[in-house]
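Chain naming follows the written order as A, B, C and D, and within any one chain the residues start at number 1.
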Amino acid sequence: MNKENFSLRDIEMNEKRVLRDAIHDYIHVDHLVIWHLINSQEMQRLRRVKQLGGTYQVFQSAEHSRFVHSLGVYQVVRRMLETECLDNELNDYDKLCVMCAGLLHDIGHGPFSHSFEGVFKEDHENITVRMILEDSEVHNILITVHEDLPTDIAAIIQHTHKNQILIQMVSSQLDADRMDYLLRDSYMTGTTYGQFDMSRILRTMRICDGKIVYKESGVQAIENYILARYHMYWQVYYHPTARSYEHLLQSVFQRVKDLFSEGYSYKTDLKYLLPFLYDELTVDDFTRLDEAVVLYYFREFMNEDDFILKDLSARFLNRKLFKYKQLRNQEELDDIKHISSSLGYDPRYYIISDNQKQVPYLHYGESGELSEIEILSPSGELSPLPSKSEIVSAILNSKLYKSDKKVFFPKEIKDEVCVL
Amino acid sequence: MNKENFSLRDIEMNEKRVLRDAIHDYIHVDHLVIWHLINSQEMQRLRRVKQLGGTYQVFQSAEHSRFVHSLGVYQVVRRMLETECLDNELNDYDKLCVMCAGLLHDIGHGPFSHSFEGVFKEDHENITVRMILEDSEVHNILITVHEDLPTDIAAIIQHTHKNQILIQMVSSQLDADRMDYLLRDSYMTGTTYGQFDMSRILRTMRICDGKIVYKESGVQAIENYILARYHMYWQVYYHPTARSYEHLLQSVFQRVKDLFSEGYSYKTDLKYLLPFLYDELTVDDFTRLDEAVVLYYFREFMNEDDFILKDLSARFLNRKLFKYKQLRNQEELDDIKHISSSLGYDPRYYIISDNQKQVPYLHYGESGELSEIEILSPSGELSPLPSKSEIVSAILNSKLYKSDKKVFFPKEIKDEVCVL
Amino acid sequence: MNKENFSLRDIEMNEKRVLRDAIHDYIHVDHLVIWHLINSQEMQRLRRVKQLGGTYQVFQSAEHSRFVHSLGVYQVVRRMLETECLDNELNDYDKLCVMCAGLLHDIGHGPFSHSFEGVFKEDHENITVRMILEDSEVHNILITVHEDLPTDIAAIIQHTHKNQILIQMVSSQLDADRMDYLLRDSYMTGTTYGQFDMSRILRTMRICDGKIVYKESGVQAIENYILARYHMYWQVYYHPTARSYEHLLQSVFQRVKDLFSEGYSYKTDLKYLLPFLYDELTVDDFTRLDEAVVLYYFREFMNEDDFILKDLSARFLNRKLFKYKQLRNQEELDDIKHISSSLGYDPRYYIISDNQKQVPYLHYGESGELSEIEILSPSGELSPLPSKSEIVSAILNSKLYKSDKKVFFPKEIKDEVCVL
Amino acid sequence: MNKENFSLRDIEMNEKRVLRDAIHDYIHVDHLVIWHLINSQEMQRLRRVKQLGGTYQVFQSAEHSRFVHSLGVYQVVRRMLETECLDNELNDYDKLCVMCAGLLHDIGHGPFSHSFEGVFKEDHENITVRMILEDSEVHNILITVHEDLPTDIAAIIQHTHKNQILIQMVSSQLDADRMDYLLRDSYMTGTTYGQFDMSRILRTMRICDGKIVYKESGVQAIENYILARYHMYWQVYYHPTARSYEHLLQSVFQRVKDLFSEGYSYKTDLKYLLPFLYDELTVDDFTRLDEAVVLYYFREFMNEDDFILKDLSARFLNRKLFKYKQLRNQEELDDIKHISSSLGYDPRYYIISDNQKQVPYLHYGESGELSEIEILSPSGELSPLPSKSEIVSAILNSKLYKSDKKVFFPKEIKDEVCVL
């Protein structure tokens, strides 16, 4: 089949479906291929992977999964395609590609993804692409429509597709992914920080020089979106208690890995983790690993002989999180590790420091051309967002990007650590 | 210590805590005992038990846990205690009892509770009471405050407490439990059905003859609440796809149990389920069983030799739910079972019928005096809600309680079933 | 021009416009004729006529005008036209007619409309039709598109149009008018009562036998809508303080009229009221009368010699509303009038009684066929809503329609009245 | 009576009242003096003065009055007083003063206040103070409680009160006035821009050195609030169409004044405007002037002989607003005035330019000490907000405050003006 002649109408469902959603009201499914993808095991697995990792330890009600977020990204892509400018610009084949890319962009996320990736060095984008290209349910669904569909979708996700518009829609500084997660995480946490005016941003979208740009009348709405992101990062995503939870997780994973390489004899049958420990991973191995399996292992680990593994797992399951304090410098960290050691807590697992930074906006050149949000003036000229936004410009010039350096440690040694 | 002299102020925390919540904005924790209960393993386990069982298969975004609902019930109880009438009526000891009862009322819920209870015959109220009275983390926290606290809280939950007001607050037709779940489930599903005016209902609360009653000016708000419940039941809780999911779950549990009693030799190590299969359950056994463990077993069951167990588990994990149709009568059900059998699907597990009913309001006498919501007229007389509400009265008199009889079956035999 | 060949595309604006709205997010204006109608003096006058009359005396924040409501009705009509069933059913000319009818349906409302109509006997539907058909800015805008447009729009508003679908969209038991006002009044008052699931209702709309009907899966959403209306009536629209305000207004209008017919010599220049007093009203006379003019007169009346007019006007402007009590029977009313008289308050103006009733649902036959909401079963049969809704049926059978009989009187005679 | 011994409990109402509000849910009235103030003619007059002047010409649904905003400010003050820190810090007399100041702070606003003040040079703060101190209904209500109450409230409003905390609550960079209007205007316009986390800001409030300061954990919420204000200014308050409306109003007022001083003989009876034209204004004169009266005059002016007055009034009532374009410099403005003149439009009334600026944050020293928001570190030190907020600091250092220079002119000369 010729991609140019491909028609979405030909693959429309007789009875279109809708899924009710708290953020977008309805998620519309018009094409059977989308419906089949949603019901594939790779997508259904995301039901068992939480969107916000440990954040629900602070924002109790934010218990949503990567599955609902993925539906949301698909729906935002769908709304973008309904705008006059994109509707006219893209052919039906590309429209299908970008809807699938939005839906599937997260399927390679592991359980508790950041901590897990940190220890097992699996990159979720890489896994996502493998799941689309290799033999999987998702792959097999896609090729029933067109043999190139997997490759073209993967190209969007890997930023190598020749049509930059498709890449921008799914992965850029102002994309369907970020739009959905800000609105959704804000709603689910019950904070106001992440709210912004998506309708207006979409209304000011235009195509110019083969890229998505925005009319000048949208600058304020974009500013608002950038600040929404900035505040969500500091108030929600980087909340110290959420980081504490991630660090505890990472320590468990690290201990599992270290014991394994030391030849420790596990009581627990590690079968679902073995491919990760041997670093010989198939797409099937990955699909089998979700947060339910990991939580099951954590429960089992409470029966292991190794004290550290046992102790960390119990802390995790019963929410005995690490405490934390601001970290001044390397010496202080060394001192804390020394204390920890002397009190019987192996600092490799019990003392973790991090330094969170968040760059509210990436200017031209900082990470490639794509990062720039470009503004179209009434007279038809393009300029980078900072030259049209006093707020964004002020933030960029100040070079005062906020950073936050903290050290995390067991409650039991709090008194000793805090006298430092 | 004398209960009469007990003072909440004496157990207040130095720095009071708040937990952010999407429904109540903040959940306030003023007392250390509440904070410790929240962090107990019995409460934290509720994080791994979904509030709505299978409903999130229809209402995608309703993925919240029984844990956040329990915090919400506690917060509604706390708001009730702030009303002038209850603040004056109750002593500090009773206030603490009812806050704890609100928080703990659901700790006895099993994983996927309705399906699980249906097969293993464990009553969640009974387990809740055992967890409070027997040796558990929760129990040990409670007795540090007062040795009678577990017994008094259990009495509230079991409807045997001598002070009816406390029972009404936690478990009646208009209680903190229902108020939180309607608001929360409505918010999380993104439907409007469950919204009602809680502020107004609380404002019209009064104490009369040792019971909670409501001023006449609150009748409309209460009507609205009763209809909100009615609509949430039919639109959300009894949605056929959600029921399909519950039935599939129940079939897996039933097959597990039947195979066990037939002496089938499991490859899977069933240790966390054994106490339920032998029906010799300790509080610890129960605490260890959450939805992560059950989901892990379902994954393992896909490797068992028994075809039925294997097949049902795969259907469950990958969302190949049963289809359904309206059921006319017993003969039709028999016919469907016959077809199922002849096509190789054991009807004990593959053909399930149910008949959902929902009584919007329980009138005086139908389930004991407590069920009645009583209205206080300006002149001080009490009357049952139906005599003051045309809508509730109309519903009661009609005796036309809605019911919905459906049969569920595998997609594979849909054509054969639907010609009937 | 032939109506059949008329194309909306031909009258599309180059740059479509949107108006921001708190209820519908955006109100979309695609056609110049709609834009001109919005900016006509007849529509702009509605800015100076409040939607809820006196209700904002109770629900402080509900200060919105009939103008924003009219925009909202137009937008709901527009959304209806986007549904597949109506998009296919109607030709472009009828689509334009019904959008205009939605927008213009309220232009004949007088200032403080119910009280005003009560005294001056002007029917707002009648005036609306006159303003569309006679020489007005609105009329002149319409005929630029098609000479029949005014007549066809008027026929929709008067329920005489041959296409019942158009009538149902604008004026039936489930129409764009009611949908907008429930959502809007609920939002503006800050109550939850009027919320319902408009998206779902629109999704279940179908055309059958030349009428709008609803799929069975929409019954619960419609039930919810009917009860929303019922509760909004009793909690908001019929709130006694709002009625007190309306009665005070009506008394002022009545006194103005009575004094005029008695030949009283006004200090105030009544020019804008004269056409109403002489009952010789042109469309222009009507357009000139808005709430600003009436409020100006009330201020002037405080300087008149007639004590009653002076007193009532001052009560109105400075919110010294009448008090009220439940009315038992005619004798009690007579007694109250007698007291009032003897204390120097003319009962014609100072003692008002009313009896509010609200019929939650009109069954087939009660006010013509159109009133029935019809439900389409999966097998294609139509049945009236009550046969498919236990709740609606229960309400109908009970014949217990709520009614509320009250008498209103000046605060100054409260003690004397209340001993009765 | 001694102010120190004054007890709020002594003036509590038997039955406390609540007013339903869309923003704060309920506005609580506990004291009779507050109830009487709300019902005074000076407060009721604010019902007839719109909060947002001409903004509802762009944001259609923002039709709310200064009256509901004033209730909201009172309610925010009330919530502030419920925080532990303020509850402990202030005595009952001061609490009453600041509640009254919050409620009354806007009573001196004229109709369409900014345009009106611009022409008639009445300062609303000055009038507010006169209305509190001179013989008015409000004044007479206040002195029934304490003879000093008017003076003390006026001192808060005029920033001369000795207790800075009271001033900060009602009028500072982070006060009850701004908090209410951001939330309310955002809700009423249907934009998300003005939402911020008031609960969190109030929770981090502390008293230090006799001032209100904020804990460091509140910095992000305050940043968010400052940016909410910034965006509301540019998206809503300074919207060019809203400014166009204000300028048209101002031209009408200016023409009225100029004609009066030229001795023009008015057909219209200007009595309510005369005190303003003669600049001999009593508190009563002011109370009589509301937007209804002004709108009445505008209708009358359409019958005047003066063409300019007639024309401008008709443009205003029927929404024929001025068009606008960016203004480059003084020469361009001169050219435009010249064109206007030559086409018969007197540039004094038909050509208006403005230059909107908005300073998102006032740093220490820029307008006195009070302007600074101060942050309390965990170790007890105070520092100005910008030193704790990278965003606020970046904005301050950039000195790139946004400004917007526009010129407004009649649509009729658009072609001629736009070729410039």
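Keep this in mind: a contact is a pair of C-beta atoms (placed from the backbone, for glycine too) under 8 Å apart; a residue touches a chain by one contact, two chains touch by 3 or more.
Note that the coordinates shown come from a computational prediction; the quantities given were computed from them, not determined experimentally.
Engineer: Which chains does chain A share as contact partners with chain B?
Structural biologist: Shared contacts of chain A and chain B: C, D.
Engineer: Indicate whether more than half of the residue numbers at the chain C-chain D interface occur in both copies; give same if so and different if not.
Structural biologist: same
Engineer: Is the number of contacting C-beta pairs greater for A-C or for A-D?
Structural biologist: Of A-C and A-D, it is A-D that has more C-beta pairs in contact.
Engineer: So how far apart, in whole Å, are chain A and chain C when each is placed at the average of its C-alpha atoms?
Structural biologist: Here chain A and chain C have centroids separated by 50 Å.
Engineer: Distance-wise, how many Å sit between the C-alpha centres of chain C and chain D, to the nearest whole number?
Structural biologist: 32
Engineer: How big is the gap, in whole Å, between where the Cα atoms of chain A centre and where those of chain D centre?
Structural biologist: So the centre of chain A lies 43 Å away from the centre of chain D.
Engineer: Touching at least two other chains at once: which residues of chain A meet that condition?
Structural biologist: 25, 191
Engineer: With touch defined as at the start, can you tell me which chain C residues reach chain A in the complex?
Structural biologist: Against chain A, the touching part of chain C is residues 18, 25-26, 199, 203.
Engineer: In the complex, go through chain C and note every residue touching chain D.
Structural biologist: Touch list, chain C to chain D: 19-23, 25, 27, 39-41, 44, 47-48, 56, 58-65, 67-68, 71, 187-191, 269, 288, 290-293, 295-296, 299, 317-320.
Engineer: Considering only the defined contacts, which chain C positions touch chain B in the complex?
Structural biologist: Listed in rising order, the residues of chain C that touch chain B are 191-193, 195-197, 220-221, 223-224, 227, 230-231, 234-235, 390-391, 393-395, 397-398, 400-402.
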